[in-house]
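In the two complexes that follow, subunit A is the common piece, with subunit B as its partner first and subunit C second.
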Partner chain A sequence: MLSTLLASDVVAPFSSPKIDYHALAPELVLAGVIVAVLLADLFLEESKKWVLSTIAGFGLLAAFIPIVTLAVSGHRARSMFGGAYVVDTYSLLVKGIFLLAGYVVVLLSQNYLEEGDYYQGEYYFLLLSSILGMVMMGSSRDLVTIFVSLEFLSIPAYMLAAWRKRDLKSNEAGTKYYLLGVFASAVMLYGMSLLYGDTGTTILKGIGAKLQNGSMSPVAVLGIVFVIIGFAFKVSAVPFHNWAPDTYQGAPTPITAFLSVASKAAGFVALINLIYVAFPHGGDVFQPMIGVMAASTMTLGNVMALRQTNIVRMLAYSSISQGGFILMPLAVAGGKSSGNALTAIVTYLAVYAATNLGLFAVIIAVSRKTRSGEVSSWGGLFSYAPLLGVLATAFLASLAGIPPLGGWVAKFGAFRAVITSGTNWGYALAIVGAVNSVIAFGYYGSLMREIWMKPVPDGDTAPIRTPSSLNAALMICGGATLALGVVPGIILRFSDIIKL
Partner chain B sequence: MQLIVFIVATLMVLVGAVGVIVRKHPVHAALSLILTLFGIAVHFVALEANFLAAVQVIVYAGAIVVLFLFVIMLLGVDASEDLRTDPITAQRPLGAIVAVAILALVGTSIIVSRGILKVTAAGKAVKAANNLRDLARSIFSDYVFAFELTSVLLVIAVVGTVLLARKLPKPEPAVKS
Partner chain C sequence: MSQLLRSYLTVAMFGAIGVLLAALLLAISALVRPNRPNADKSKVYESGVDPIGDGWSQSQIRYYVFALLFVIFDVETVFIFPWATQLERYAGFGLLEMGIFVFVLLLGLVYAWRKGVLRWV
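After this line comes the complex of A and B, so read on.
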């Protein structure tokens, strides 16, 4: 009985796992910066808290250095912990997107926080933690690691959404996001436990070897469905999108930008890892499901966006509908155009990140003057803030998919992926997508009309003074949006290096 | 030895279970529940299910009862409640019927399943003595990354929760949209 518990028989010595510290360097640097921010916050006076945003910004750039050194040190995939954590070119690329997006969000937050009297130290601490979770998600190839990464990126985000404590809308945002997020996590965890029970392994590659079209047990099918539902919530795909508009509207604006770009991208990265590594032979299960979700997501998001009068809420629905476009190539994954689809999704994520963050930077800049979130407050923007007007137009045009901006290349890739699949599913999705691209122009265009043609609402044509951090964010996003569109060679190179 | 452990553990379980029902103060009732759960953990140890025993203590006695206590604390039930009125009509007779029904269900399933249940080959391959050791090894080898990060996750949760629960130092100048 108890003797077995206290047994001291000879056991094989424990061999510690091999850790490739170079491959883990981005995560380790980021973890170090997180601790540095938390400690520095303790010793800084209230008037010197701005230092924290500098530490956070430089920390994110410092974490970018090992990504570059890893990228130039050869294209060999580095696998750790029995295949649970893989650093390859694809994961380096998405990690780079997350870090840059995070850097832009830090730039957006700087003045917003200083002027709004928030807790700054903890804000950056939570923001960096969430980014660390996303960076880890890029390399996770194991159910347990994926789950821990997901919670790592979600839990700080729940709290950041509620950061404007005195505002009821913000409380609502945090509570809704948290409750629905936990619910989705539970469903996903249940699916993961079913997958583990059926295949006997948590490593995605091992699961992929066991699951084959036609010979799947009902338990495995249920597992796949539940896991995809869990992440569909994260990427706010219809019908799991209900939290998004309220959360986006209530959260502090930089956090809204962060949620609608980085957090959503992390959800897609997780879906890619799962679908391409664990369910490549499960197309019969996930293709129809994701196809229907993609079609309904873009349609519903667009139709709802047409009716909004609040800019952030309109962008919330627009981001739901863009999510549908990103889901579209995933619906033909596993088939003939699998490689095309993968490239298309990563391209779309990069372009969407640059464009949407840029648009949010404009929103933050304009609302510094107008203190309003209504579409009508943008009237005549071009006449008193020409640069902001032009940039906003460029970002809106990119979201609508007009050449020569990045959004056009992204949409082209997505449509090419579904059409080259050669299935009826693919063609049907392409048609739905094309119709939606036209509808989307309805609300992007109405915003452009406000900027260029409408009169200034109260005749106040004082110019908008933008702080330097916001200018930097605008330049980074504007440059990236334009560069990805005019030099598509950058993106075409993606297809050589993105392989799973 | 085995018999003594069994008797002591069973007494813990039963005394705790009765305590949950009889004690009027909700905090006392929650503490009685801990006694029950610990008794079950002792039973698990006696059956050489060491891992289950540890999980029983950590998850049930640790996390879940602490959650109960938190809820009781948040609702501000610091004095004993007036238990003479039922929130739902005929709550007590219904409760008694459900209790008897569950007892009958569990009892029948134990009697029926005697001699039917077998340990499968996969179950036999795992030596009971090794399950804790195997678990520890996989936590610190294959899953060490996720394990270490979970500890950071707890720090994040603590920092965020403290901040959200704390009072603001001074009022915000104006609520921005």
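After this line comes the complex of A and C, so read on.
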């Protein structure tokens, strides 16, 4: 093919690719905001840097507007660049989750940065870049586009994890995250090259048409396994989870919230794109692998979380185990409960984002007073900060899956997906998941006991003053957690809309 | 079920061959080579010149910034040259695209300028 290309003198006339600017509007708005933040940082005096977080926050909300207009415009799917970039209802939904999660992270960061004397301009610039990468991931339907989006969202995150540069723990967080992230990228790229070599295309739909259960070449099997391993690092699935606790503990708390929610969700979105579009007929290969990963992820995450005395580390392991629950429906994707599984994962991601961000908001608020990350420092929280105590309890209960909070709807969907698959794998997974839900309550419950029943550790019962941005974040997350649980209808409607 | 196991057998074999190959190469060279250590052999090798100082010598941090700036312009050149040869074909669209690309890279230069890294103190 190359020789014919080189031999031909006639150059085909160039026609510029058709670009649907409406479909690309969220990305374009975000890109504009990123440039604005960078320039504003360079030409503002130190005392006016607070403007940057305002620009970043409003920018994220502005990028949300075209998502709404696209959602009501009635087009089912807009495909660009030869099918490499698709804007459909599913991608709009996950983009919405990323943008709102990003907005909450900006709210969490505001006072944390101003009081901590960190580099504000670069912080918001990198945060927005990472969010732009995630938004692109929602639409990526091509191996190369997926890889570019993944690096776009990861590289700023490596730097953000090491943001408290005078703190050794934060340096360790950034280094570990970077080294393992790059290693995972390499494994994944190798898998992608094998997939391309076997199928001759990088477009996911084209790969999906070539790969069929039973007639798959060994090369394709290797490719699928390596690509999934690459993203297993990103979603910190066991046995690729080792970086998560250290990184979460060392990174600045708002970034920990960002990594454990948005970055993890982006990994799942990539896995969904790959599994539903590229490997829908490859269930024989990925189902057992993801099933084993899901079961070991939730079990190991829970068992390790039980032993932790530091709240952020406990939440790190809790987020690993929650990742196992999100993987659970993916293990039956491709079978007859494929549609259920997709709805379950997207629902779980939305609920988990609201709940976990809320819990981190409470942690940031409480540590403003206690300056400590130990579980025991939460003793008697309710007696001096009743609102924070109630909110923390609600978020913990939602993570544990107690009705009427959002986490219950999410868990219900995940279990429904594996049970309706009607396979022995599905039933086995459901049992492991049920046992783990009980174990998880062990450590969520112990935190609740600290809040409600233990005495205040040093007798200091001065109320906690929270800045308005933190209050706004708490209200958004609390409202979303409650609303998703009380009115599950708004989520169950997704099952009609989301198709891949 | 046997099909399933066969799929994963590929992966296991692939991994085993990878480990075996590395082990084999190291083992063969360990068997074949003579083992006569002396002080000259364990010295740091640097272009055949005798090393001065130890391996942890420090170099000026400013070179790092210049290296980064060099990358910005290097990447720019790599993309501009092939584009320039086809400029007429790509016409207005190509001009616009390259304009955006150069603008984004210029932002990096503006950043470096405002942060004062272009000055050699």
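Basically, the second predicted complex is superposed on the first by the 489 of 500 C-alpha atoms of A that agree within 3 Å, B and C clash if a C-alpha of one lies under 4 Å from a C-alpha of the other, contacts with A are read in each partner's own complex, and residues count from 1 in each chain.
As a working rule, contacts are C-beta pairs under 8 Å (C-beta built on N, C-alpha and C of every residue); 3 or more make two chains touch, one makes a residue touch a chain.
As the structure is a computational prediction, the values presented were derived from the model and not from experiment.
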Mind working out whether A:Lys165 is in touch with subunit B, subunit C, both or neither, as first, second, both or neither?
first
Touching partner for A:Val285 - first (subunit B), second (subunit C), both, neither:
second
First (subunit B), second (subunit C), both or neither touched by A:Ser319
neither
Can A:Phe14 be said to touch subunit B (first), subunit C (second), both, or neither?
both
For subunit A, which side has the bigger count of touched residues, subunit B or subunit C?
B
Quick one: is A:Leu38 in contact with subunit B, with subunit C, with both, or with neither? Answer first, second, both or neither.
both
Quick one: classify A:Thr355 as touching subunit B (first), subunit C (second), both or neither.
neither
Once chain A of both complexes is superposed, is A:Val225 in touch with subunit B (first), subunit C (second), both, or neither?
second
Go through the superposed model and pick first if A:Ser91 touches only subunit B, second if only subunit C, both, or neither.
neither
State which residues of subunit A lie in both footprints, the one left by subunit B and the one left by subunit C.
11, 14, 16, 38
List of subunit B residues in touch with subunit A within their complex
1-2, 5, 45-46, 48, 50, 128-129, 132-133, 137, 140-146, 149-150, 152-153, 156-157, 159-161, 163-164, 168, 170-177
Residues of subunit A touching subunit C in the complex
11, 13-14, 16, 35, 38-39, 42-43, 214, 216, 218, 221-222, 225, 284-285, 288
Give the list of subunit C residues in touch with subunit A in this complex.
3-4, 7-8, 10-11, 14, 86, 89-91, 93-94, 107, 110-111, 114-115
Looking at the complex, which residues from subunit A come into contact with subunit B?
1-2, 4-5, 7, 11, 14-17, 31, 34, 38, 80-82, 84-85, 116-117, 119, 122, 125-126, 129, 136, 142, 144-145, 147-149, 151-152, 155-156, 158-159, 162, 164-167, 174, 367, 371-373
